[in-house]
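Below is one structure; the comments refer to it alone.
When the chains are written out, they are named A, B, C and D in that same order, and each has its own residue count from 1.
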Amino acid sequence: MMEGFLKILKKIAKNPTSLAGLLLVLFFVIVAIFAPIIAHPEYPDTPYQMPQSGWSSIPQPPSWQNPFGTSEGQYDIYYGIIWGTRTAFKIGIVVIGLALIIGLFVGTMAAYFGGWIDEVLMRITDIFLAFPFLVGVIVIITMLGPGLTHVMWALVLFYWMGYARLIRGSVLEVKENDYVMAGRALGTPGYKIITRHILPNAIFPIIIQVSMDMATIPLTAAALSFLGLGSPVGYADWGQLVSFSRNWIISSSGGNPFAYWYTITFPSLAIILYAMGWNLLGDALRDIFDPRMLV
Amino acid sequence: MASFIIRRILLLPVTLLGLTFLIFFFTSFLSPYQLLSAYVQDPRQLQGGNVEKLIDKYGLRENFMIRYGKWLGQISHGNLGWSLSLNEPVSVVIEQRFPATLELTIYAIIPVIFVGIWLGVVASVHHNGVIDQILRVFALLGYSIPAFVLGLLILFIFYGVLGWLPPGRLDQWAQMIFFSKNFHHYTGLATIDALLNGNIPIFLDALKHLISPILTLSYLSWAGLLRITRSSMLESLGQDYIRTARAKGLSEKMIVNKHARRNALIPATTVAGLMFIGMLGGVIITETIFNYPGIGSFAAQAATQFDYAGILGVALVYGLVTIIGNLIVDISYAMIDPRVRLG
Amino acid sequence: MANENMLLQVKNLHTIFHTEDGTVEAIGGVDFEVKEGETLGIVGESGCGKSVTSLSVMRLLPKGIGEIPQGEVIYKGKNLLKLPEKEMRKIRGKEIAMIFQEPMTALNPVYTVGDQLVEMVELHLGMNKKEAYDYAIKMFEKVGIPMPEKRIYSYPHELSGGLRQRAMIAMMMSCNPSLLIADEPTTALDVTIQAQVLDLMRALLKEYNSSLIMITHDLGVIAEMAERVAVMYAGRIVEYADIIPLFKKPSHPYTVGLMRSIPRPDVEVDRLDSIKGVVPDLFHMPKGCRFNTRCPYTTDKCFEEEPPLFEVEPGHFSRCWRYAEMEELSKHWESGE
Amino acid sequence: MKKSVVFLAIAVLALSGIYVMASSNMIVEETIGSIPTLDPAWSYDTGSGEAIWQLYDNLIQYDGSSISKFKPMISTNIPSEKDGTILDNGKTYIFHIRQNVYFHSGDILTPEDVVYSLERAVIFDRAGGPSWMLAEPLLPTIDGAYVDSIEQWATKLAGVKKFNDLFLSGTRTPKNDKYRQALIDTFNLLSKSFEVKGNEVIIHLPHSYPPFLYILAHGVSESSILDKKWLIEKGGWNGNANTWWIYHNPSREKDPLYSIENGTGPFTLERWTKGREIVFKRFDKYWAGPAKIEYGIIKKVPEFTTRKLDLLRGNADTIYVPRQYMEQVENVPGIKVIKGLPVLSVDVGVFNFNVDSKGNPYIGSGRLDGRGIPPDFFSNENVRLAFDYLFPYNAFIKQVWVGQAIVPNSVIPKGIFGYNAKNPTPFTQNLAKATEYFKKAYNGELWNKGFTMTLVYNSGNTQRQTACEMIRYYARRINPKFHVNIVSELWASFLDDYASGKLPFFVVGWSADYPDPYDFEQPFYSSNGAYGSTIGKNYVEWAKKNMNTLLVKSMKTVSQTERAKIYNQMNIEAHDNAIYMFLDQPLSMHVQRSDLKGWYYNPMRPGIDFYSLSK
């Protein structure tokens, strides 16, 4: 497995765009890990609460104390972006983790046993897919009320279907192979076959999908914050920082159209680079693992 | 093929029923008081002393299944409850606003399909060349930009600075005519109604207002189509029949545009179909920014003002459209691919 | 020696492939000719480079991966390798046509078979749609497809394997090419259909007086169709002779091995011989003669230096140091597995 | 494929050519409020108020931006004691009705229309509606207390507990004749107050009610004059005593005036797309002369950036700008900003003297053990005073209100008579004093143990949220053991929690129904006032002893100086006992294009008076 991993890394390094993707993602991983050091929290028990230097709602330009300036409500943008990286990873990992588990379960059950189980599970997946993603999430948050945990639950509820279908597809593919037939013929128990034969083969498409989702999840969270349904006010979350700036992006106070450029530039740059990193990586992985690409 | 369609149609009611059950399941998180607004035709009763009576009348404390049955009864009579945010029955709101969203999405999907497929073909032809990389990065940027940042910037550039493309659905003078008595609303789609009424200035004005939302919506979603077209193009370019075509002495252009592209279009159209449905969700942000009176901006408003009836109504409509949309996509998939059609 | 009825001359053809793991030489110097109306057979195991040869002649190697560093392909006096792409396109389909092995995938699934024929005829013969379709019906009739006027509107997946191959032949012969290259045309068909298709091809070739390069691994097909034969192994021609001398006096161990592995109705054997080992990987070609890892008659010389093509008899060449003693050696064959 | 891109480019070029400036005869206001109804008797919010204001006229109107001087409107005179049109100590008012005033439908206005309109307003009485403002002056008191709803008299006369008990369940037919007669007698009590003589309308109040003229002034929607004949044709109440209960408290669907109008105002309703925009058209036969512009339009545009760009591009003439973005529209060419306009409302921090501790998450452990607060925590005066000295009033005004608010010293906002800037002097932040009082509270036990409590604000209101954050910040600063959590809640549940006494401390606002100090003193200080009644039994007892009697006395005389003295006495009493914490009185601002002429500000009629505007 290790040797295969190195081979993939070599391939990624060769292509400029995918290399850029890998570097971007690594950069954000480092920022997330060293967050407490680069941006020391004021109250250790609430590190995700952005420090406020005052209460005025007019953003202040970058200064020594606030390297990226302050947002509406005087939240320190620099601190918000550093700890926002952790939020992005946290939401990403939690949501994708849970969605993967549900998807894995549903997908393998449906594909492996087939028959009416497959039909029922797939119809359920269709129903969940019946919602355009944002609408479904909004419906749940309206019912549960805003807040990060509710956002995460809503995202999980509308993400697992992608994985279920993906895994079902690859399990079906592998199931027909002879060595699986042989395994069954020898009487090896179902779960053993699944874990040892089927799942390792499905790993690659999952990795591609996960890297893509790691990009879309902070974007969805940002969209929810823009609609006022995201994380609580003052929570270090990129989406919230960007939605703070929505009324200052196009400010033409005193003739200078971009007087408050910093309120939108830094948070959106963070989201875009983070998402680009994952997207580029995912795209590169897709090219590497997709046999058709080798024409 | 026919059996395939029949099976899907038979499944339709089951999926629809499943959808209503799913939506209703979400509402079970609510307290009886909050739930009441989904039933009540008139909000005044919410504050009045007889709230308790109403809760019993609609049996909001009964067990889940009975309430579900009653709710289904409500919907079948078209009573989607009262929208607290717009102070109107939800059914009226949806009637007025859904055509606007449909119009925006139809106009937005056209550039996505053209640009997405065209660039997908170009990218595949220059496989791993410079153009391919540039297109890929440019497309992925579309996937990585938060929708509202892009929307606000487009609004600022085309309206703030240049003043060409104002938000909203029609200019003030156009709305005067559009809503006047002698202007017949056949389809609810502004552009088409304008043409049917033979009023070109209104048609152009409606189109003018559609441009910036279309730019936002389409840029965000054509990356998907580009990628699918590119990979399916690469796949079909590797097939034996392409080698045969080359052996027949056909020009490279003929081979790419005729032989390879039609095969690549099959998966692309499926994705385009799914994208159309996905876009219906995507309009929520775009409509809010451009103050476009569609079902998306209503959903956003309803969500922030905790208008449960409104959200449920929107969810139901989206669910219906998506399920029917999926069916149409599956059927069109069969239509395009001759192998499936006669199979 | 370019006399007047020489159609195609391939001289010292080299083809290399640039893969991720480095560049490899698929064809290391091949020479052969095809006269007008003559059928040349190219036989060899899969992976020996026979298909690559045909693609090199037609310059259909995958862009950026396949390359022809040296060699000449003289067709009707012109070196095809030097032709600009626009000119080469006029040759493909008009002068030289190709038929492929897998009829199922060789035809475009989303266009009717008639349309794919009409397309070629319009391009090369300048016919309009109406004339082209009538011509297509005539061609389908000629290749023995029943109810041609209906069949031209059906899709490839609606036809059987045999019919598809007939449609392919009709398409490729529609512009009356001087040379037809058939790359394993019958391998994917079952035996009964195989014979019909071969007869059909022979009839058409005689009618249009075109020559044929038949590429196959099946010696039976070679025996039936070819007048001259080139036996290929690991990117080289190891024996090149007329059909009769080849069968009578195989003078290369590989050819001998091939001959002995075919069941012969007239000879009673309890077990067929087989050639031990496998075709060597293109990256790790053995030093000296390429067949030495599997040849039962090897001597020290075979491991040091690669033999040139010796002329056993006029028109009969063999790339083996011991070509002279081959008749004697071929009596016994132990294929110690 | 190439053609598609070319087509798009041509379309953009063609369209930009026909960019048409908004025509000059049209004025567009873009705001965020919505309009729930057009029925004057139903409307109780500024959104519908502003629309109704253009369509209907009242008996009298304020003179320009003053909220004390009146100008004639449908009544040609302003009743006053001097010219004998206010008699027997403020209980009788005489109005001379203007002649040949046209309704939009062409009918002529008659004195009967005036009586009918005011009677309908009282019997309409939708739950949570404005009818109480006319019921209190027009209906006699019951056991000395003003009557808020006609239902009170009906139940009293019929001797039943609830108004619905009068009717067969689910219908509007009285159970028996006794009940029917009680309903008719109730109506007669009301109609007795009105008398029509020639073209005069004389109103006899059962008791003196000094703010009565304010309630009739233009700006109070329910006192608008309706067309009786036209409304009856449209299925409205026919004006008789024996049918009023059928039209009492209707559902919005059955309310005939929900989306149609027939007023005498300067504009008629051209079109109303709910939740989007409402368009008014000039009424040429308006009695005071037609308006200067042809169309007035109010549009709902939720996104501030879109509103701002519309203003800059000239597609909107005036827009609503939230205070914090004021700086973005100031000193921009072509835009005029008018600031410092006093709003007749007050934001107040409310201490809950007795918190309902049953299952209440906001008071933690419910004991003084550092992990909660006792239910009667704010009954302790030292605690209240400590909080009064804790709050950073000036920083709140300067930073959160961007200087667009003033610190009030009592419940009476600046601009209403009875406001006295000097006395009582407002609290200012003094952390030393706050610490001193915290130490005195519970004789030192609170200071060493500390406390934990939760403050709640209605989600979306940034000013109230910041106020809570300021309290948390300074509480933690003077004593790290003081923990304050902050939670946001939906408006519906926020109302539930404070009405049921669950919230220990919360911030709310109160705006004037009419510019009279009683409208503020009663809800806050009366033991059965809107807030007074919900902040715990300890306060209710205190209020009964000290506040209620003064309130009743204040309504006995018409002279403003006399009443002002009483209210001042009440305010000083409340200040000394630190009952409420006064945070701010907002100042609003008006943003418009420079070429818009004729705008003026009247705090009792926030919004745009299209009749006065021109370009």
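As a convention for this text, a residue touches a chain if its C-beta (ideal position, glycine included) is under 8 Å from a C-beta of that chain, and two chains touch if they have at least 3 such contacts.
All figures in this text were calculated on a predicted structure; none of them were measured in a lab.
Q: Among the remaining chains, which ones contact both chain B and chain C?
A: none
Q: Weigh B-D against A-D on C-beta contact pairs and write down the one with more.
A: The comparison resolves to B-D.
Q: Which chain has its C-alpha centroid at the greatest distance from the C-alpha centroid of chain C?
A: Relative to chain C, the chain whose C-alpha centre sits farthest away is D.
Q: If you average the CA atoms of chain B and of chain D, how many Å lie between those two points?
A: 41
Q: Between chain C and chain D, what distance separates the C-alpha centroids? Give it in angstrom.
A: 95
Q: Give, as an integer number of Å, the spacing between the C-alpha centres of chain D and chain A.
A: 46
Q: Nearest whole angstrom, what separates the Cα centre of chain A from the Cα centre of chain C?
A: 54
Q: Considering chain A alone, which of its residues make contact with at least two other chains?
A: Residues 228, 246, 249-250, 252, 295 of chain A touch two or more partner chains.
Q: What residues in chain B touch two or more of the other chains?
A: 152, 155-156, 160, 288, 304, 306
Q: By residue number and range, which residues of chain D touch two or more other chains?
A: Residues 303, 305, 309, 312, 460, 490 of chain D touch two or more partner chains.
Q: Which two-chain combinations qualify as touching?
A: The complete list of chain pairs in contact reads A-B, A-D, B-C, B-D.
Q: Any idea which chain D residues touch chain A in the complex?
A: For this pair, the touching residues of chain D are 303-305, 308-309, 312, 322-325, 327-332, 395-396, 398-400, 402, 459-460, 462, 465-466, 469-470, 488, 490.
Q: Mind pulling up the chain A residues that touch chain B in the complex?
A: Where chain A meets chain B, its residues are 15-17, 123-124, 126-136, 138-144, 215-216, 219, 222-223, 226-229, 239, 242-243, 246, 249-250, 252, 257, 264, 268, 271-272, 274-276, 279-280, 283, 286, 290, 292-293, 295.
Q: In the complex formed with chain B, which residues of chain C make contact?
A: Counting only chain C, the residues touching chain B are 58, 60, 89-94, 97-98, 100, 102, 105-111, 119-120, 123-124, 155, 157-158, 168, 171-172.
Q: Going by the contact rule set out above, which residues of chain D touch chain B in the complex?
A: 1, 4-5, 8, 11-12, 14-16, 18-20, 22-23, 26, 28, 34-37, 126-128, 162, 164, 249, 251-253, 271, 273-277, 279, 295, 297, 301-303, 305-306, 309-310, 312-313, 315, 460, 490-492, 496
Q: Of all residues in chain A, which touch chain D in the complex?
A: Within the complex, chain A contacts chain D at residues 52, 54-58, 72-74, 145-146, 228, 232-233, 246-255.
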